[in-house]
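Pasting a structure here, questions to come.
Chain lettering (A, B and C) follows the sequence in which the chains are written, and residue indices restart at 1 in each chain.
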Amino acid sequence: MRRPIDLTATRPGVFAERAFVWLCRLGAAIPLTMLAWLLYRVAAAGVHRLSWSFLTDPPSQLDAGAAGLGPALLGTLWLIVLTATIALPIGIGAAIYLEEYSRRSKLAGVLELAIANLAGVPSIVYGMLGLGLFVHALAMGETVIAGALTLALLILPIIITSSREALRTVKDGLREAALGLGATRWQCTRQVVLPMALPGILTGAILAIARAIGETAPLVVVGAVAFILYGPDGVDAKYTALPMQIFQWTSNPKRAFLDNAAAGILVLMMTLLVINGVAIWLRNRYQARRS
Amino acid sequence: MKITVNGLRAAFGDHEVVKGIDLAIPSRQITAIIGPSGCGKSTFLRCLNRMHELVPGASRAGQVRLDDTDIYADDVDPVLVRRWVGMVFQKPNPFPSMSIKDNVVAGLRLTHRYDRKDAPGVIERALRQAALWDEVKDKLNEPGTSLSGGQQQRLCIARALAVNPDVILLDEPCSALDPIATARIEELLLEIRRDYTMVIVTHNMGQAQRVAEHTAFFLQGELVEFDTTAALFGQPRDPRTADYIAGRFG
Amino acid sequence: MTAPPVGRTALHAPTAGRAARWYERLIELGLAGCGMTSIVVTIGIVVILAHESKDFFAHVSLGEFLGSTKWTPIIGGRPSYGVWPLLSATLTTSAIALAVAIPLGLLAAIYLSEYAAPRTRRVIKPALELLAGVPTIVFGYFAITTLTPALRDYIPGLAGGNLLSAGLMMGIMIVPLVASLSEDAIYAVPQSLREAAAGLGGGPFEAIRRVIVPSAWSGIAAAITLAASRAIGETMIVAIAAGNEARFGFDPRQPGQTATAYIVDISKGETPHGSVAYQTIFAVAAMLFVMTLIMNVISHRLSRRLRAAARA
């Protein structure tokens, strides 16, 4: 009735299994190979344009060799500062409200739904919001403050989510201890919870800002200029930004301008690398301190 | 002897849990393994079907022979071992993405032996052996998780039976179930014992006495005593066995 | 009602009880206000899109918008407001992107969770996160300078700006999203099911095929719908690499202009408030918003089902 047991036979499906593992490896390998190829091409095309004057000169529409990123970098800098100033307090405040004051209430459920929705809205739609609301309805015009407000709204859901996670890592026992000693909710939050969650909040904030730096579409819609010779001189100034300048150069079919675009991309990616590196360093230091 | 164990050791990382066991499991009988928590009985069981090595950091030494083959030999495919040595786990784990009837034949599908023509016969036979047929025969298409705990465990037993293994390992199969469900499972084990070799780990000494012909007593990773169930419980040779049976420690 | 000092870490607060309560209340309201911005922004998006596109839909019927395949809204003479050229380009590039991202992302997720050694995981996961962090404009640059010329050698008739390059590039960009969400879904499959499959004599591949992926299915489906939403809303890759011709067609070798690319194209120029150009971009944006909203809601429902199943 029973066949003799042979434990060394080749079971059916072994070859399919091996083929499948290779297929899975490809799934990871193909995108990463494309990434490597992309980085190589960008570096090969653009590295020769990198120089101090490239970083500081104004752009030029005629002479690619003389064109530079000066105003674009200044514009991005203004955007970073303004966006952070607007988005961080509101985002962290919202996170504190949801985690410390209003857990599991019906209002919290509605807010969470809104935040989840906003996280999925395409960035260009945020640009449209900025165009209709900040540029026209509030009559700010196509200025750097309108751009910063738009980017701030774009990264708000990201900041709220990452700040909430950072707040959640603080154990409830600490909150109970503080409240049990007679502290008010705000005292408990400000003096016990926030200091512990701060590194995590900062890490999340830095990563959110990094995301904002690379966004092009909302800035195009909201009126960042394609060609300007100076950086912003006030919040109500016209401006350009790094991704905007790259886009401008990419749209120019001349090879020299495409090389400028590649160089601009290198500057952008290196900036992002530094920012992400700082965020990760912060997170590791924070985790090391906790354990 | 169906399974012969020689000098089996098993560890998780640096922590050795099974410390050199020699045991011979008789064929077509039920052998129970009893002992206090943490004595290595579950780990020992999982060494019999090469499930222990699936845990990262796990290691093992020693020999386990199934019929005449050392299941740990270099040319042995561990997946094949598990085809012949089936397992029923402590917590019932029917596949939630499958109906009752698909659960029963899941093992056949997983081992490329599913035959659509034979399926209804296989399903009925396995469910009858698991004493579940009458309760589910009208709802074979319902999800496997729609059953009660005891029924789910009998479904898992049916699933294990459907692949026609030589040996069935049961790791405290009734510990998550109420006494009535436990009794039904003990009943079905007695009914099918002539067709399969079974090894059952249990912390319930009464269960060992009810179903097993032979019983092994484990303590802290070692085999203390192995005898027919009547002899082990009636006249234990080792004082530690006697103490455990009398409930002086647990 | 003074707050008692506790050792050296005295918890400071205004000591007068009433002032303390007012202070607390004010702070709570302020924080609640911060929270409410999310609702305000959501309403704001809907209101702005509706308000600015209502003029468009006042003189363009929904029938023409959704029925005609000619999009020439800004020429003199007889402008045509059929949105289908934009829609066909969006659908074509998104379909290509999903055809790339879903298999690669799912396979990568399976590799990472079931096959990869811990050392390999530690390299590949951050690499995929690196891919996820690349700004989309970089992909656009690569598509037009490298990918299209490379594909030209193999695909005759490939236009300079074409939907295929843009779609392929989008697909690669979306892989980390699919991989990461699918991996979460696969990770959520309980270990007991894997043990059950192994105990029955199933090898890893059979277990993945018959047990793990079916059990993780709603999470994977959530990942796919989210990826679709992302593809539909993607802008810069298509703005740069797909060519800027609004023509109706599904041939990937031809150029096209997606809804998002159209908005960028118009925004690059002058769009005075209330002009025809201005109205059209809001109408198109409204359509885009509705499409992505539907996909996001579906994705959310599916991932809720996954979480409910995992708890069961």
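Definition applied: a contact is a pair of C-beta atoms (placed from the backbone, for glycine too) under 8 Å apart; a residue touches a chain by one contact, two chains touch by 3 or more.
Remember, predicted model here, so these are calculated numbers, not experimental data.
The central chain here, found by comparing per-chain C-alpha centres with the mean of all protein C-alpha atoms, is C.
Of the two chain pairs examined here, A-C and A-B, the one linked by more C-beta pairs in contact is A-C. Chain B and chain C, compared by their mean Cα positions, are separated by 48 Å. The centroid of the Cα atoms in chain A and the matching centroid in chain C are 14 Å apart.
The centroid of the Cα atoms in chain A and the matching centroid in chain B are 53 Å apart. Contact with two or more other chains is made by residues 203, 206 of chain C.
Shown for chain B are the residues that touch two or more other chains, namely 79-80, 83-84, 111-112. The set of chain A residues that touch two or more partner chains comprises 11, 13.
Only residues 118, 190, 192-193, 195-203, 206-207, 210-211, 214-215, 217, 309, 312 of chain C touch chain B when the two sit together in their complex. Taken together, the chain A residues at the contact with chain B in this complex read 2, 4-13.
On chain C, the positions that touch chain A within their shared complex are 3-4, 6, 9, 11-13, 20, 23-24, 27-28, 30-39, 41-42, 44-45, 48-49, 51-52, 103-112, 114-115, 124, 127-128, 130-131, 133-142, 144-146, 172, 175-176, 179, 203-206, 208, 226, 229-230, 232-236, 239-240, 260, 263-264, 267-268, 273, 281-282, 285, 288-289, 292-293, 295-296, 299-300.
Of all the residues in chain A, the ones that touch chain C in their complex are 11, 13-14, 16-17, 20-21, 23-28, 30-32, 34-35, 37-38, 41-42, 45, 89-94, 96-98, 100-102, 107, 110-111, 114-118, 120-129, 131-133, 136-137, 153, 156-157, 160, 178, 181-187, 191, 210, 213-217, 220-221, 223, 226, 243, 246-247, 250-251, 258, 261-262, 265, 268-269, 272, 276. Within the complex, the chain B residues that touch chain C are 49, 51, 54, 56, 79-80, 82-84, 86-89, 91, 93-98, 106-107, 109-112, 145, 156, 159-160, 163.
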